[in-house]
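Okay, here's the structure, questions in a sec.
Lettered A, B and C in written order, each chain numbered from 1.
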Amino acid sequence: MAELSCHASMMTTSKDAPPREDLAKGLWRQNPVLVHLLGLCPTLAVTNSVANSVVMGVATFFVLVGSSFLVSTVRRWIPNEIRIASYILIIATFVTVAEFGLQALVPDIYKALGPFVALIVVNCIILGRQEAFAGRNPVGRSVLDAVGMGAGFMLALLIMGSVREVLGSGTFLSVSLFGPRYEPWVIFVLPPGGFFTLAFVLLAVAWHKQRQTARARARATDEAVLVERVA
Amino acid sequence: MSAPSLLVSASPHLGAGDSTPTIMWNVVASLLPIVAVAAWFFGPSALLVTAAATAAAVATERVLGHRGTLGDGSAVITGLLLGLTLPAGLPLWMAVVGGVFGIAIGKLLFGGLGQNVFNPALLGRAFLQASFPVAMTTWPVPAAAGTWWALRGDNFAFPFTSPRVVDALTSASPLGRMKFEQQPTALLDLVLGTTTGSLGETSGLLILLCGGYLALRNYLNWRIPASIFATVAVLAGGLHQLDPRYPGALFMLFSGGLMLGAMYMATDLVTSPVTNRGCWVFGAGVGLLVVVIRIWGGLAEGVMYAILIMNALVPYLNRWTQPRVFGARPVEPAT
Amino acid sequence: MTDGAATGVAAQTPEPLPEPAAVRPSSLLVTLGAGGAVAGVLLVIAFGLTLPRIEANRAHALHLAVNEVLKAPARYDTLYVVGGALTKTPPPGVDPKKLEQVYLGFGPDGRAVGFAVGAAEPGFQDTIRLIFGYDPRNRKLLGMKVLESKETPGLGDKIEKDRAFVSQFDGAQPPLAGVKGKRAKPTDVAMITGATISSRTVIRTINNALGRLGPLLEAYRTEN
């Protein structure tokens, strides 16, 4: 997994950010998948149905919040030299617990997710949050940050899973949407459909951001003109 | 593609008299007999499917493309070629999806004509094949419906609904029969086109003639089809000698989409190598992949994927086979 | 930093960065070791808590599958394949989970109805795992159920979802032969149009499994 090598030092917020900002930034403005393009492996691999996406999202959320809490709690006792090894140890523990849990609670979906539950260990979002945030911030803020980022990951997976299941099977959470005559676009539940869907979702997000920026700039210019006139 | 304001190439300069539109419209003209024969075999369904794919390709180019790119005729070619790779009974809305995908994703997203990496018609077909595997492999039998006028499938299925099963006779394609049932098809049927298959997969002879016209006018590089045919013939013939269970060279050449693919899709000016040596290598690669996929792959037909895979290698082929500048010596690596 | 000093550039460099306080290797080991011990304890607790549920889930899934392919037997026994024969009790010292298992179902009258046998072979996309019921007395199949496959949705996955295909295995006589179109003999199985490879894999899997285990199953019947 090449994901481990990606940069983790980005995505920090200033020390005086309000708690609301710690929580909210991961959901949209710094969404780990849609903006930072982290954790793409599960985003592409397991989102061929809404149920799979939700279970994967919940498992990752659990691991992320648990790891951030623990890392932040013990951060003062971890020597700098072995911090990555310690983070991985903590993350791997939570992943294994999540694996047992899924196996006990939702065995069918656990089977469908295949090796990707175990691969949460190398999900860059999780190690990234430990290195960038939980390892250097107090427990409260770290948990808020993890909750926001985990929710952002879930949101991205949910979007992917919805598009792919609706188009690829004509259902949502296995409930038929368009009746028996609908011809499913099989490609969307196959791997290439994952890439297509991700591309279009990212396109939509980028387009939305561009429009927002353009609007903000136009507003700023208007204000400047107004100020000049008044003066 | 707008005319470039400055052309840079090595001397001597001599105007060829051909422009992109001249070549493209010649290709369109050479495709019309193939469409006509498809209509002869498959009735109005053939015309409907081809028209739907072409209309979708042209409309997409018009809406999403730069202004004035319709006149070069390349969107028409994409639409016609896509139509010819589809089965006659395909619902028209699926043909439209293929045309839109081929032009929008396969061509305009890369920057329009001349920028695309993959053949747009084949990308459209690949998308349809992966999206609607059942509809894309339901092959009507040519000239088997009661009258010429009968539709060969549920062409008018409402958009986004599955085609209804109609009474048109369908059968496995010759390649599928060979691969999964070890039943060969008579060679004469393959040459004339009286077999099942997609619209333009049928008459090998006619495609050879139409493609030959383009090769004579030098609108396609004859080395590509020659290289594909030679590779397939040698490999298939050799394997047939080793084990007669494998189909022979002539069957391989005239079945499936090999003729149409070799003549019209592998030779796409944009997605094939620019050097003649590159064309030989490109054709050999396509031929090798076709034989490998057909004989050892899970699918019966491999022309589409073979060409798409080799399309991706074209930039490398161009670099490897770049002619040496006259008088230049290879630079000795500095010690 | 040390390289610079060795080549004499140190004079030009400003104050060297403060070296972090030296950490003793033993403290690193202690930290990681303690972390590992805590993690281990946590995992054992989680494992212990979830194990009953996981085993129950597995047993339930197996129960459903055996029920389906043996047409709801009153009860069934697990038999182990040991040294070319079936036995009810695994040899001591061998983990019974590692032995190949077949399931012998009994009707309400206590008579054996047949065996449920699991088998797997590579299909079009990935390995297809299935279980089938076999009655060695009459030498016919009782049913087939695909347990795991990743075949193409809408095409290859008909081997699990197409009732017409699945129901052919009830009463079919091995060795099976795949045919195109209608089945004529009890040994025929009509393959799914457009999914020939997936259909063939199911047929081949059953034939191979019976080729291997068939004599064992028949021998076990005659011993009782």
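Observations on the structure shown:
Throughout what follows, contacts are C-beta pairs under 8 Å (C-beta built on N, C-alpha and C of every residue); 3 or more make two chains touch, one makes a residue touch a chain.
Predicted model only: the values in this text are computed from it and were never measured.
For chain A, the chain whose average C-alpha position is most distant is B. Pairs A-B and A-C differ in how many C-beta pairs touch across them, and the larger number is found at A-C. Between the CA-based centres of chain B and chain C the separation comes to 43 Å, rounded to the whole angstrom. Note on chain placement: the centre of chain A and the centre of chain B lie 41 Å apart, centres being C-alpha means. If each chain is reduced to the centroid of its CA atoms, chain A and chain C end up 32 Å from each other.
Each of residues 186, 190 in chain A touches at least two other chains. Annotation for chain C: residues touching 2 or more other chains are 152, 154-155. Residue positions of chain B touching 2 or more other chains: 133. Interface residues of chain C facing chain B in the complex, by the touch rule stated above, are 124, 152, 154-155, 180, 193-194, 196-197. Those residues of chain C that touch chain A in the shared complex are 20, 23, 27-28, 31-32, 35-36, 39, 42-43, 46-47, 49-50, 53-54, 57-58, 61, 148, 152-155.
Taken in their complex, chain A has these residues touching chain B: 178, 181-183, 185-188, 190, 192-193. By the touch criterion given at the top, residues 77-82, 85-86, 89-90, 92-93, 96-97, 100-101, 103-105, 107, 111, 168-169, 184, 186, 189-190 of chain A touch chain C in their complex.
On the chain B side of its complex with chain A, the touching residues are 91, 127, 130-133, 135, 157-158, 160-163.
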